[in-house]
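Labels run A, B and C following the written order; every chain starts at residue 1.
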Amino acid sequence: MNTIPGIETKLDRLASRRTALYNRDFLLTWEQTDTEIASVLDVVDILEAMYAQNLSARVFDTGLAVSLFRDQSTRTRFSFASATNLLGLTVSDLDETKSQIAHGETTRETANMISFLTETVGIRDDMFIHEGHKYMTEFAAALDDGYREGVLLQRPSVINLQCDYDHPTQSLADLQHLIRTFGGVENLRGKKIAMTWAYSPSYGKPLSVPQGIITLMTRFGMDVALAHPEGYDLLPDTVKVAERHAEKSGGKFRKVSSMAEAFEGADIVYPKSWAPFHVMEQRTKLLREKRSGELAALEKEALANNAKFMDWECNDKLMRGTRDGRALYMHCLPADITDVSCKNGEVSASVFDKYRLATYREASHKPFVIAAMILLTRFADPVAALRSTIGRGESRRAG
Amino acid sequence: MNTIPGIETKLDRLASRRTALYNRDFLLTWEQTDTEIASVLDVVDILEAMYAQNLSARVFDTGLAVSLFRDQSTRTRFSFASATNLLGLTVSDLDETKSQIAHGETTRETANMISFLTETVGIRDDMFIHEGHKYMTEFAAALDDGYREGVLLQRPSVINLQCDYDHPTQSLADLQHLIRTFGGVENLRGKKIAMTWAYSPSYGKPLSVPQGIITLMTRFGMDVALAHPEGYDLLPDTVKVAERHAEKSGGKFRKVSSMAEAFEGADIVYPKSWAPFHVMEQRTKLLREKRSGELAALEKEALANNAKFMDWECNDKLMRGTRDGRALYMHCLPADITDVSCKNGEVSASVFDKYRLATYREASHKPFVIAAMILLTRFADPVAALRSTIGRGESRRAG
Amino acid sequence: MNTIPGIETKLDRLASRRTALYNRDFLLTWEQTDTEIASVLDVVDILEAMYAQNLSARVFDTGLAVSLFRDQSTRTRFSFASATNLLGLTVSDLDETKSQIAHGETTRETANMISFLTETVGIRDDMFIHEGHKYMTEFAAALDDGYREGVLLQRPSVINLQCDYDHPTQSLADLQHLIRTFGGVENLRGKKIAMTWAYSPSYGKPLSVPQGIITLMTRFGMDVALAHPEGYDLLPDTVKVAERHAEKSGGKFRKVSSMAEAFEGADIVYPKSWAPFHVMEQRTKLLREKRSGELAALEKEALANNAKFMDWECNDKLMRGTRDGRALYMHCLPADITDVSCKNGEVSASVFDKYRLATYREASHKPFVIAAMILLTRFADPVAALRSTIGRGESRRAG
C-alpha cells in the first residue's frame, strides 16, 4: 500500500549490500569499502526520492544530534540541521566558547556528557592541520568506551563535517552530482576530471576538498588530473591513496603542472584555492603558540606567494581547452569570483554564471549525504528502518 | 469523529475564500487583497481554537524554518519559534556574524543554500531605512529563481518579521486583539483609533509599527487619527496608502497636531515613539559609511529634539479625553513607562498598569498570526491540510 | 499489547501517589513532600526503562521549552535539551544578551511574552547569592498571574537548573545513582555519606551542590557528615533543613572538622570545592556595583585562603579510611583533578580514574530527572499521559 515502486527497487539494492557502518563513524571515505560508499549513494537516492514524493523519512521519534563547529560555517550548518531534521533528530549545538575542552581527559568526558540521549555528533575541525581528524578519532574512542561500559545506552556516530584530511559530505555530494549529471555511476568510468588549484586573495583555505576529490573520484575509474603551482602540495598520504585507488579501479591519477594542462580534454573541472600544507603546518604552530606577529608575517608572505599565480583563474579561454569546450564546472561554494566577490579570483564571472545553477544543485545533495551517513551508522538494518517509516504512511507535509 | 463543530464552521468559511498566497511571501499587508487579510484572520482564529482544544496543528512532519534577525529581538524570536513549532517545523537560525552576506550575488546564493529542506524564512531587517524591504524582495526573487530552475524542490515563503516599511505580524496581531475586544471585525467600522507619537529617551525606533497600523486599520472602516510633532513624519508612501484605504473602506484618515486632539473621543489609543524618517535616512547613511563621530552628533541632536516633546506622554489626564474616558490603550511592547523603565516615557505607570494584561493579550496573537502566514503561503489547500491534521486525531499533549 | 510488564508495575506505583506538582514549579527539593520526591524517582525509573526498551516518551506533540542560562553550562544545557526532546518539546533559548531584563516589571513581562506556547522554563541562576531563587520565584509568580488572567492558555513550570540555594536536578540524579548502586532506596538507610569541601584553584564555586546533598540525603535515613575548613560555611538555613530532615527520617546529620574525619567509615564520599558564602555575598555586592578593583582583591584574598587548605584532597590515603577502603566516590563534574586539570585539585588522578565511569553514570540520570520534573509539573495525570503515549506504540527509533 505504501510501497513505492521506484523506491522499492532501490531498497532491494541497498538490502543486498553488506556494510560494517552500524555503530561506527564516517570520518574518511578511504577508510570505507566500495560497498559502504555504494550504500551511502543508495540511501541518498532513496531519501531524495522520498523527499520528492512527500514521504516522511522520520526514522527517529526523538533523539539529539550534536553539532560541534570549530570553524565558521553556514552551508554545512544548514546541511546538518536539514539532514537531522529530515530523520527526526533535533540539533543541539556544543558551543566551546561556553565550556572548556582542553586535553584528552576532557574530550573523553565531554563526549560522554553530551551523548546520553544523542544519536549522532557532527564535527567540523579543519583549521589546524594534523589536529582535526585526530580529535574526531579521540572523540569516537571515548564514545566506544562509554558505550562498552554501559554509560551510554546507544553509541552515537561521529560524522566528519570537514577535517584536515577529508571532507566526505562534500565529496560524496559532488559524486552524487556527477552521477546525476552523467546518468549513472557506471558512466563516470574514463571521464577526465581536473582538480586544480586556483588563485584567491586569501591564504588559509583547507586542503580537505581537493584531498577528498582525488581520493574519492579515483575509485570510480575516472581519469583524475591534479594541478597546482609548485609548493602547493597536498598531504602526501592522500596522494598515495589516490594513486592506489586509480590503480585498483582501472582509472588514472596524474599530477600535471598547469591549469591548462589539467583542463585539456577534461569532462569536469574543479578549480579551487587551497593553502600549501607546509604553510598550514606553520600556521597551526603559530596559532597554538599565539605568536601573532609571526602569524601576520606568514600571512603576508603566503599572500605574496599566492599573488604570483594570479593567472590560475578558470575563465572562458581555459574552458575552451576542455572536451568540446564545455566541461562541467564544479565548486563547493562560495567561490571567489573575479570582479564580483573580489578583484581577482578562482573563476571569471562569465564561467561561474554559466554554471551557477549547476553548483547550487551540486550543493543540494549534501543534506541527503549527511542523512545517509547517519542512517547507515545508526541502524543495524537501515532498510527495515526505512520500510517501517514508509509503512507508517506519514506525509512530510499534510494535505 | 475528529470534526470539531466550531472549528468546522471556521474551516468552511476559510474554504470559501480565494487567495493567491500559495508559494508566495507575506511582506506588506497593503500588497495583500482584503480576502487574503481575511484568510489570515480566519486561520488565526482556527489555530487559536485548536490550541485551546488541545488539538495538534502539526501540518509538517519535518522541515526547517529559517530565522534571520538583523536586529535584536526577544518577542519576535519567541513568536516565530512558537509559530513554527506549532506547525511542526524546526527553527534554524542564520547568524550573519558567522557568514558573509554582502552583495546581491551572495544574497541569491545564501537564499538557495539554506533552503534545500526549508519551508519558510522569517526575516527581521528594520535598522536601515530603504533597505529592509528591498532585501526581503531580493531574497524572495532568489527563491523564485531557485524553485523555477529545480534547485529547490519546494519554494519557502519569506515572512516579514519587521522591515523598514511594515510590521505585518504586529499589526495583524493588533487587529485580532481589536476584533476580540470589540466582538467582531464588523464592529470596528467607525471606531476611532489614535495612532500617535510619544516621547521616549531613545532616538532610533523604527517607523514600521505606526506605518503598519495606519495602513491596516483604514481598511476596516475605522477612523484613524495620526498625530506626531512636526518633523516626525512617516514615509509619505505609507500615508498615501492609508488615505486610499480609508476612502475605499468608507473609513477616515486624518492627521492632527497633538496627542490630545487625536485622543479626543477615541475608542482606541496607540501612543508609541518613533524616529523621524529623515533622521533614519541620515543614520543609515552614517552607519553604512561608519562615520561614528557624526553618528554620535546625530544621536545627540535627535535626542535633544525629542526632549522638546516630553509632554507627549499618554497619562490619565489625556486618557480622560477619550470616549467615556476609557479608550483601549495598545502597545507593541516593551513600552517606555515613566518612572518605571525610564524617567520620562511614552506612558504613565498608572495608565500602563490598567492595560498591562490587555497588552499581553494583544501580544499573545502574534505566534498564531505568524503560523497563519506560513500555513497560507505553504499550502495550496490550507483547509485540506488542517482537516487532514485534525483527522489524525493527535492531541497537542497526551492524556 | 503495548503494556510492558516492568513498566506497568512502576506506573501502578506512581498512580498510587498523590502530589501537588501539577501547574507548579520544581525549585527546591525541601519544598516538596516525600511523596513528591518519590514520584520524581518513579518517573525517572519509568523513563529510563522506556528509553532502554526503545519506547517513545513523546507526551507532547508540539510545545516550547525555554532555557535561560545566567551562567555558562555544557552539562546542564545538554541535559535540558535531552530531557525536553525526549518528551517532544523544542528548546528555545532566552539569551539575555539579546534583550533587557532589569527590574521586577520586566521580569513579569518577559515571563509572559515567552510563554504563550511554552510548557516549561528551565532557569540557571547561581552566580549571585540571594538572587537566583528570588528571581525564579518572581518569574513563577508572573506565570501564575498570566495564567490566572487568561493571558496564558497553559501555565509553564519553572525548573530550577541550579540556583544559589539548591541544585535539585543534580541532587536527584545523585540520589538515583545511589539507589542504583545500593540496590534500592531502602538500602540507603544508615549509609554514611561524607559531603566535604575540597581544594580547588578557583574561588567562586556555587554552594548549591553541597546544600542540595545535605538537605536531600538526610531525608532517607542516611548518616550525613559535612566537613569544611573554618569559614566555608553553607547557608545556615540549609543546614537547619538538613538537621530537621535527619531527625524526621531517623538519619543523622553531623558537622565534622576534617575530610579524614568525615571519610571515617563512609560508604560514600562527595568531595567538592565551594566558596564561603560570605565571600559570595561580598562578590555579589562588588559585581552588582561593578567595583572591579575590589573584585580582583577579593579573588586574590579568597584564593590565598583556599591555598591554606590544599591538603583537602581526596586521595588514596584518605580513601583507605572509608568503609573497607572502598567508599563510592561521587562528583557532579567536571572535577578538578590533581596533575590532570590543575596542579593541585579536589581529587587525585588515581582515585578519580577508579571512579570515572561511575561519575559518568551518576551524570547520566540528569536528563531523566529533568524530564520527570517536567512531566509531573505539566500533567494533572502523568500516568495517563505515559499510558496514552505507550499505547501509541511508537518506537523511539524505527525498525
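In this section, a contact is a pair of C-beta atoms (placed from the backbone, for glycine too) under 8 Å apart; a residue touches a chain by one contact, two chains touch by 3 or more.
Please read these numbers as outputs of a predicted model, since none were measured by experiment.
Residue numbering at the subunit B/subunit C interface overlaps only partly, since under half of the positions present are found in both copies. Overlaying subunit A on subunit B by C-alpha atoms takes a rotation of 120 degrees, rounded in steps of 5. Inter-chain centre distance (subunit B to subunit C, centres taken as mean C-alpha positions): 41 Å. For subunit B, residues touching at least two other chains, in rising order: 90. Taken together, the subunit C residues at the contact with subunit B in this complex read 59-64, 66, 90, 92, 94, 98-100, 102-103, 105-106, 109-110, 112-114, 116-119, 146, 149-153, 378-382, 384-386, 388-389. Across the complex, subunit C is touched by residues 51-52, 56-58, 72-75, 77-79, 81-82, 85-86, 88, 90-91, 333-334, 337, 340-341, 357, 360-361, 363-364, 366-367, 394-399 of subunit B.
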